[in-house]
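Some structures to go through are shown next.
In what comes next, chain A is part of two complexes: it sits with chain B in the first one and with chain C in the second one.
Now for the complex of A and B:
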């Protein structure tokens, strides 16, 4: 197992290099210019040229790539072209914010999604199943933006139970987390409910479930211990992938709730063609994805002893 | 809709007639203390004046820094700031400023003429690569300094610790106005050197507020400078939050978490007609002009008759009536209320447009690519332009791109027609006319207009400036104006009743938050 983990960790290096290379090539190909964004309509050719030289934007892309690589290996992600803020410092602020939101959303959506999925599977074709699946379909089809604004109107403006937006004071403020987590998690909860139902239906029609029931094992044990445990592997994969994607930021939710996270930071940088920030975000985002993937693979072994990486 | 539009216009007209800004002065005595909660829709790009190219950055920089002069709080008049007085010599070619004594930067260092010299030399330091070098090229020695040929700026001379002289290469009547721009805010050398590349994160000026904290994309906090040379601000602290979504922002206001905010465009009708809030809403005419530009490098836009036909085909009143009932339909580049505008009528005559197209050899119209950015406003305006031009046979292809691609194309002269705006750097028609008629985005080069613009840079006589501005507008119209002016915007702000002394100025650099105060008893009463 340890060897497997080491091997996977080593594989991260070519993956990250590949991601960075592709990012540079794409940035080089995509039209647009950070200098024009920075200078606005006052930009005359002299100023533009001077700034391009100062920022090394006229260097060939491969030269920019190797110079970036050289700095990054030494832990320097550079500074934003626009704000001149150190990218590493900015990411240190944004990543914990996004992590809080993603974790809360994944907890809410996983608990809700799995619970509703199991109930739907157990009471297949009952009114409860139909209701749960209709609600799930509704949530999958609901635009995030509209749902977020609706929650603000209902819980913040009308009932006054939650703050409207922001992160509040201090490092952790649960009240501020509720609405963004619900907004971000609702779609995945709905998707997970439908997915869990379908996986559970498959599992509970297996012979070993019938055997367990014939042996007189309590129904709740049959469902949770024998059924759910076996259904968990595909569910963990889906949850893991979704968590990794949430950790890479959720622009809409962050925008609605004025949440200073990774997603807004990256999208603003893309709009302004702020290459240093884009490259830093893509690099860190890829790293997060690879690590979450590795953790999911390790969880497989814990869930199913038959899986072995040795 | 028509009624609302007329009401909006009437409201704006009253604003224009009453001056360029409003301060809600109440009869009560101002109270000290309390925290003012405000918001912005985006994070600030920088707090370093040398890089403050955007309105947001400039608006924030004036809270931490002072310039030599500033705009008066209740008019567009230029008044003393760090300069106590000044002398203008040699027909606007030499400016001698007598500086205030005893003013200190936030780091405790005393402000002197050396700081002024350092600020301008830093702006033209090639290593700083400031986007603001377009502002003071008239100062002697800027080109040499920028080229790295000279360590000092020849045109900025320290006479003594409290006197400084600016020597210009030619007379420039707008020099004082240019000094109100954020690039002219005075920085302290030791603070710049101490923080280096992070200076933007640690603003140290002489301004009314001291920097406390800036969490990017979240909030910016400042506290009152108790030793401010003009007297401390009334509020103890100001917290700006970054709230990108206007509907969330207005919800925060309704939840009493913001003291004043902008009414979102789509909510304006509801708020302006709400009796609970209408007394607390102030609408101010922005110094903006939105236009459709026609690039004569592309056929048939090189034909003045075709450009005129397009002008006749587009009824700017239709655009404001259908999309923006609170904006003013434009007849020229100059925003309503700013001196220098013309009495040209809004050309809205599709039949005349068709006739001109026939005379120009395009009786069946032609295809035209209009470039717009991907903002929802641009796309909506683009749609109306498409419909209006379609009526006279011009088939419009709307080319929509994100801002960076859009502006790159426009800047390089590759867009035949594009929809864009100009927002004033300062309240003077020269700022609009020079930006529009001498740009390299379209090949418009009229010698007569250029010489009239040159005259505008020299004279400070208001009547003559107005005459010159009107002359340029009429001349451009006669030669087939490459711009079709569409509308001028306005903004409505709503505040809570406990906010007093709130300032509404057309210039983004005018408000230093010195007049604002909070009626704390009223706030406690209203929020409990």
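Now for the complex of A and C:
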């Protein structure tokens, strides 16, 4: 097992180097001069030149890449061109907020998704099943940002139950958290409902379920203890794999709800063309994505002894 | 003797369109897929006949009718330039379908080329291509698309490139496994024995046998591309003014959400309708093309 984890970690190194290289190339290709972004169009030529030398912008591209690599590995993501705030420090503040939102979203969507999926599977082909699956597909087809706006309009602006935006005071403010979490989790809940239904249908057609029923076990026990327990491994994997993907949705959700996290930080940087921040966000986003997926893979192997790690 | 030949010919004809006929038969029996097909057809008709259907020019600015609510004159209201929202949404369907189709053509072409090379040749070629796939897939897809859009600059053509450059990996993985499955088959050996070169074997003999997964990827991908373009335009990175992209109309409406909720409501409904249509149809098509995949 430890060998498996070590090998996976070693395999990640070339991939992460590739990710860094790609991020560097993209930011290198960006049109316009970063120094002009920092100093403005009317800056003095001498100062511009001094700044260019300081930032090594006149070096050949490969030297720039190696110095970028060197800095990034040491955790230095540079300074914002506009606010001059250290990107690493800013991200350290923002990422826990995104993590909080993602965790709330995954909890809400997992509970809803699994519950709806089980009900659909148990009442297969009934009107309830058809309704649940149609609604699920409708949610999968709805843009996250638009759904968030509908929720804001209904619950914040019309009914006045929740605040329109922000994170509120304190570390945990349910009123502020509920709408963004529902928005971010909506598509995943729908996807999970469909997935749980298909896994449960497979499981409840197995022989051991028939045996349990033949023994006279109560139906609710058959479904929850015998059925769900065996369906849980693939479901847990899908939940884990999607936790990292919530970073995608967080960019849109945080924009709508002015949630002070990673996604909003990135979108604000895009609007201001603050490339140092964009590069830092893209790199950290990929890093989180890779490591969360690795952890999920390892948990998966630990949970299911049938999967070999050779 | 002639009768015998004739009969043989008819039979071989029948089997040559058998797969498509069977697919159509299975598709027709799936009520959800038929609903999806009807929805997609209506969407395509709206896109094709946009100039006939739209009551106004979608770019016509009318400062006397700014932010009008839905009325008999402007069925879905007007935007902050006084442009008719119904006309903009109708023309927006053209943007959506072009994004859906072109992004899929770009990503499927790159993916098929890369996947077929990796699967057919194996070894070092496979290793290099699959590491590239790993790198691209190490990014959350929207984040990488955003990074590419920032590098290329906003605009619809760059959306085609950026989404194509991010999404080819999925097709590459599918085609790689298809080519690995097929490359040792007898018909491929036979084609090689007849002296065909690799190019002919790959794209004339193997590729036509991998069409089903490609068609499924294409149909489902159109829905995802429409959604992704809407998201990029919502962030201000996609189509620029005055192009009537659904995502950017929603974005413009965001600041009027409290007082003019209909502004963003209708373009959102248009996206949901279109994506739902493609998803229903794609689901049904997948089940019909490959009944073994059903429910997975």
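The rule is short, and it goes like this: the second predicted complex is superposed on the first by the 255 of 310 C-alpha atoms of A that agree within 3 Å, B and C clash if a C-alpha of one lies under 4 Å from a C-alpha of the other, contacts with A are read in each partner's own complex, and residues count from 1 in each chain.
In this section, contacts are C-beta pairs under 8 Å (C-beta built on N, C-alpha and C of every residue); 3 or more make two chains touch, one makes a residue touch a chain.
In this text, all values refer to a predicted model and were calculated from it rather than measured experimentally.
Participant: Between chain B (first) and chain C (second), which does A:272 come into contact with in this model arrangement: first, second, both, or neither?
Facilitator: Touch partner of A:272: chain B, not chain C.
Participant: Would you check which partner chain A:301 touches, where first means chain B only, second means chain C only, and both and neither mean what they say?
Facilitator: In the superposition, A:301 touches no partner, neither chain B nor chain C.
Participant: One more residue to check, A:31. First (chain B), second (chain C), both or neither?
Facilitator: Once the two structures are laid over each other on A, A:31 reaches both partners.
Participant: Figure out whether A:141 sits in contact with chain B (first) or chain C (second), or with both, or with neither.
Facilitator: Second partner only.
Participant: State whether A:260 touches chain B only (first), chain C only (second), both chains, or neither.
Facilitator: Touch partner of A:260: chain B, not chain C.
Participant: Is A:128 touching the first partner chain B, the second partner chain C, both, or neither of them?
Facilitator: neither
Participant: Report for A:198: first if it touches chain B alone, second if chain C alone, otherwise both or neither.
Facilitator: second
Participant: Of the two partner chains, chain B (first) and chain C (second), which one does A:286 touch, if any: first, second, both, or neither?
Facilitator: second
Participant: In the overlay, answer first, second, both or neither for which of chain B and chain C A:149 touches.
Facilitator: Both partners, chain B and chain C.
Participant: What part of chain A is shared between its chain B contacts and its chain C contacts?
Facilitator: 31, 149, 152-153, 157, 255-256, 271, 273
Participant: Could you pull out which chain C residues touch chain A in their complex?
Facilitator: These residues of chain C touch chain A: 131-132, 134-136, 138-144, 146-148, 150-153, 223, 227, 230-231, 234-237, 247, 250, 254, 257-258, 261, 264-265, 268, 271-272, 275-276, 279-280, 283, 295-296.
Participant: Tell me, which parts of chain A touch chain B in their complex?
Facilitator: Chain A reaches chain B through residues 31-34, 36-45, 47, 50-51, 54-55, 79, 82-86, 90, 93-94, 149, 152-153, 156-157, 160, 163-167, 255-258, 260-261, 264-265, 268, 271-273.
Participant: Over in the complex, which chain A residues touch chain C? Could you list them?
Facilitator: On the chain A side, the touching residues are 14-16, 18-19, 22-23, 26-27, 29-31, 137-138, 140-146, 149-150, 152-153, 157, 198, 201-202, 244-245, 247-248, 251-252, 255-256, 266-267, 270-271, 273, 275, 278-279, 281-282, 285-286, 289-290.
Participant: So in the complex, which bits of chain B are touching chain A?
Facilitator: 42-46, 48, 51, 53-54, 126-127, 129, 131, 133-134, 146, 197-198, 200-201, 215-219, 241-245, 247-248, 251-252, 254-255, 257, 402-405, 407-409, 411, 422, 435, 439-440
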